[in-house]
C-alpha cells in the first residue's frame, strides 16, 4: 500500500485508541461482542437505513450501513421517460429539498440543447433553490435535537419550515414535489404577493435560527455530545467524496454555488461560504445553521433585484435533446448533486447517472464509526445528514 | 380528619382508608402531571395546543389513552423470560407505592410515621432499579438489555449523590423522620428571623440542586433518559411491553415523578406546613386541625412547582451520553455533596 | 454583560414559547374544525371539462405513471353552419384518472391543448378502499366547480394569454 | 471561520487543455482519446489496463483529490424501447447499432468516473472500455477509498467485476438477485406488466366510412 494509506491507517488507529481508552479499563474485562441491528426500522434512521454494528459493551467495534431498502432504480426509470417526465421523477430523490433536485438536471439538458433560461427565470430558480435549502436544512436542525434527545427543536423546525413550504406551494403548486422547472425556464411566473410574503418569512427563519442556536447549539450538553465526535479529516472527506456542509466542516473551502459558473443568480449577490476547521459533528451542524442564515440573506437580496421579462425561453413544444453528454452538479442542501446526462437525440435521456450527495456522505460511515459509543452512532448519522431517498435513489 | 384517622375506627377500616389514600396519592399526581405537563405544557412550549378533542381542552385525553392501552393485546415475546417479564412493571410500580407511604401530608394526615423515614425512602426508591433491570433482561431484546443495563448503572450512580444531598438535611434537622423534618423547617428560623421558617432550600441550596439533578436521573427524564433513549434504543427496557404492562411503566414513571416532587418539597420546601410563626404555633401538637385539609393542598402546589421544573428541563435539553453521565455523577456531584455535608456539619456545630 | 450559560438560555427559549403560545395562540389549527385554504396553484386534484376534451390521448401518452385511461369513439354531430355537412367529433366514453398511481406532476394539465384539464386545490378525497381512488369522468367533472381563477402574477412578469 | 481568502478563478479552457496534456505526459499511449468541450468539461478515455494508474496519477501527481462518482454506461440501445409497444402487434424495428459518446470507445460497456480538484475546482470525466467477455477492471479503492460503494453499485448494476475490491456484495439488491438491472437488455418490469394506456386510440365511426365523408373541420 502507498504511504498515504498507512498514514490514514495510523490516524484512524490513533482516533480509535483515543476513544477506546476511556472505556477499556481493563483488557480482562473485554467480553464477547454483540451485533446490533440498528434499523431498517429505527427512530434514528429516519427512513429505512440499516446499520449493522458490532458492539463491545456500548462501544462500536465496527459498523456498516446496509442500504437498498428504498432503492427505486431512478437511473433505470429515467431511461424510459421523456425529459419533462424525468423532472417530475427526480423531485423524489431528496424529498426535503426537491426543487433543488430539478435544477442540475434541467441545467444539464439546457447545456446539451445550448439554450439558457431568461434572467428572470434564473433569478426565480435561485430563489426557489435557496428556499428548498432552507426547508431542507431547517428540518435537519430540528431533527438533530430529536436524535440527541431534545424533543422541542423539531417542533420549532416544523413550525417555521411550514412558512417556507407554503411559499413554495404558492409559487409552484406543490409543497414537496414542485416540478416547476422546465427546460428553458420555469413553468410559470411567481404569483403576486410572493416577494412581500417571502421577506416576512425570511425574518421568521432568522429568528428560528437564533432560537435553535440558543436552545440547542449553545447548550453545554449538546456541545459535549457533538464536539470531537466523528472527526473526519480533510483528506478522508475528499477521498470519500463528501460534499456540502460535511466537506466544509472539514476545512475545505469549496462551494459549487461560488466555484463554478452556472446560469444561476448566486454570483450576483453578496454571501459567504462558511468553513470550520474541526471536522467533527458539531462543526457539521454549525455549518448548516450558518448556511440557513446565508440562504435567507441570499433570498432577501435576490428579491430586491428580480429582473422583469419572460420566464421561459423559446423551446419547441416537443423537446428533443441533441446527442451529447453533459455533467452538471449544484450545491444542493445535502451536498453536491449532479446528473451525468447522456442523450442520443431522443425524447428522453439515454442514460442518467445520478450522483447524489448522501450516497457519498454515508459511505464514510464505516470509517468514522470505529471505536465510538452507541449514542455516537446516532450523533454521527444525524450530523452527516442523509435523506434516504438520496442514498438509495 | 384527626378523629377519622385516630384509633376510633377499627383496624381494618383504618388500613382500607390508608390503602385508598395511597392509591389516590399516587394516581392523582401522576394523572395531573401527565395532563398538565406532558400533554399541555410540552405542547405549548412547542407552539401547539396538544390534545383538544377528548373532553374540554382535552382533559379526558388521559382516560382515553388508558382505555386504548387496556384494549391492546398483551404481547409477550417468544423468547422472553415469561414470569419475570410479566412482573417487572409491577415491581417498578410497587416501588412508587412504597415511597408514598412515608410522605406526610399534614400534621395527622400520614400513612405511616416512622423514625427512619428518610432512610426507608432512599431504600425503597432503588427497588425500581430491580424492576427496570429485570424488564431489560427478560425482554430478550438487545435494545432492552442495553437500556436495562444503562438504567441500572445510572440509577446506582445517582443513588449516592441523592443520599449525600439528603444527609445535609438530616444533619440540619437532626432527625430522619420526615414529619419532624417538616416541623423543623416550619418552626425553625434563619438567624433568628422566623418569618419564613427555615425551608432548607435556602440553607441547603446546594443540596437541593444536587437532589433535583439526582431525581431527574432517578426518574430517567431528559437529560438523563439514556435507558429509554428513543432515538438510540427505540424505547430501552420498555421496548417489548405493550398494553397494560406498558401502561404500568408509564404510570410508574409519572407517579414516581410526582412522589419525588412530594419528597423534595418535604425535604427542602417545608412540606405541608406554613411557617409556624404566622399562627404562633410552636410544636406539631399545637398545629390546628384544619391544616390536615390545607396541608395536602399546599403539598400539591409545591409538588406541581417542582414537577414543572423537572418537566421544563425535560422538554428543553438534549440527553447526555452514558459515560458522560457517570463522569458527571462521580466526578462532580459526589465531591460537591461531600463538601456540602462537611460545611453543613461544621456550621451546625459552630452555631 | 456576562455570558449566560447555554443551559439557562435553552430554558428561556422554551419558556418564551410557552408564554407566546398562551398569549398569542398556537401555530397549529384544529383540522376538522378549521381548515387552511391552500394556495390557488396548489395541485390537489385534476378536474376535467368534458366538453373540451377531444380524446386526443396526449395526456394519457405523456403521463409518466400511466394512470390516465381514455376511451372514445367517433360520432357525427350536427353541422355548425346550416346546410353544411355533419361533423365528425370524438366522443369521450371513458376518462379515468387513478389517483392511487398519480404522482401529481401536472404534465397532463400542461400538455392538454384544448383546456380540458385543470388543477383544483381540493384535497379531501381520501377513500377507505384504494379502488375508489379511480375517478371517472363524472367525478372529475364535478371537481370543475372547485377550480379557481389563475392568480395574478408578481410585478415584472411578462403578461401572457396562457392559462 | 468563514473564508475571506480570494476565490479561486473559475476554470477556463486553457486550464482544461493543460490538464489533458499533463495527463498525457504521465500516461503516454494509455490515454486513448480526449475531448475538451469549450466552456464545458473534459472527457478522457484511457485503456483498461491503465485504469488504476490513471486514478493514481490524478490523485497523487495532479491534485485531483476529490472523488465525485464512479459508474458505467451500457451503450447498447435498449431492445425494449420505452416499453410502450403494443403487446399484440409485432415488435417494431429498432436501431441496434452501438454508438459510443464523447471520447469514443470500442465496447458496449464503458466505465465512467469523475474526479475533481478541490484546489483548481475543475473536474475531469474519465472513461475506459470494459471488455464484453470478462467485464473486469481494477478497483480504485487503493487510490480513492470512497470508490468502494460506487464499485459495489456498479458491480451489481452492470456486472462489472472490480479486481482487488475486498467486498463485492450487492449494495441495493437482494443477495440472490439475478441479472444486472442497468444493462439495457434487462427489462424494466414496471413497463411490461401492463400495456401502455396510450396505445388505445379513438374508435372509428361505425361503418368505416370515415375516409369518405364527414371529415369536415
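In order of appearance the chains are A, B, C and D, and numbering begins at 1 in each one.
One rule holds in what follows: contacts are C-beta pairs under 8 Å (C-beta built on N, C-alpha and C of every residue); 3 or more make two chains touch, one makes a residue touch a chain.
All figures in this text were calculated on a predicted structure; none of them were measured in a lab.
By number of C-beta pairs in contact, A-D leads when A-D and C-D are compared. Chain A and chain D have Cα centroids separated by 23 Å.
As a whole-number value, the distance joining the C-alpha centres of chain C and chain D reads 37 Å. Centre-to-centre separation of chain B and chain C, using mean CA positions: 54 Å. Averaged C-alpha coordinates give centres for chain A and chain C that are 29 Å from one another.
Multi-chain contact residues of chain A, defined as those touching 2 or more other chains: 81, 152, 156, 159, 215-216, 219, 221-222. Across the assembly, chain B contributes residues 45-48, 315-317 that each touch 2 or more other chains.
Interchain contacts give a graph that is no line, ring or star and is not complete, per the touch definition above. Listing the residues of chain B that touch chain A in their complex gives 42, 45-48, 142-143, 146, 150, 222-223, 225-226, 229-234, 315-324.
Residues 81-82, 84-85, 88-89, 120, 152, 156, 159, 162, 166, 169-174, 177, 179, 187-195, 211, 214-223, 306-311 of chain A are the ones that touch chain C when the two sit in their complex.
Per the touch definition, chain A reaches chain B in the complex via residues 22-23, 34, 36, 42-44, 58, 145-152, 155-156, 159, 215-216, 219, 221-222, 224-225, 373-378.
Those residues of chain C lying in contact with chain A across their complex are 5-7, 9-10, 12-14, 17, 27, 38-43, 62, 64, 103-107, 110, 119, 151-158. Chain C meets chain B in the complex at residues 7, 10-11, 13-15, 17-18, 20-22, 26-28, 30.
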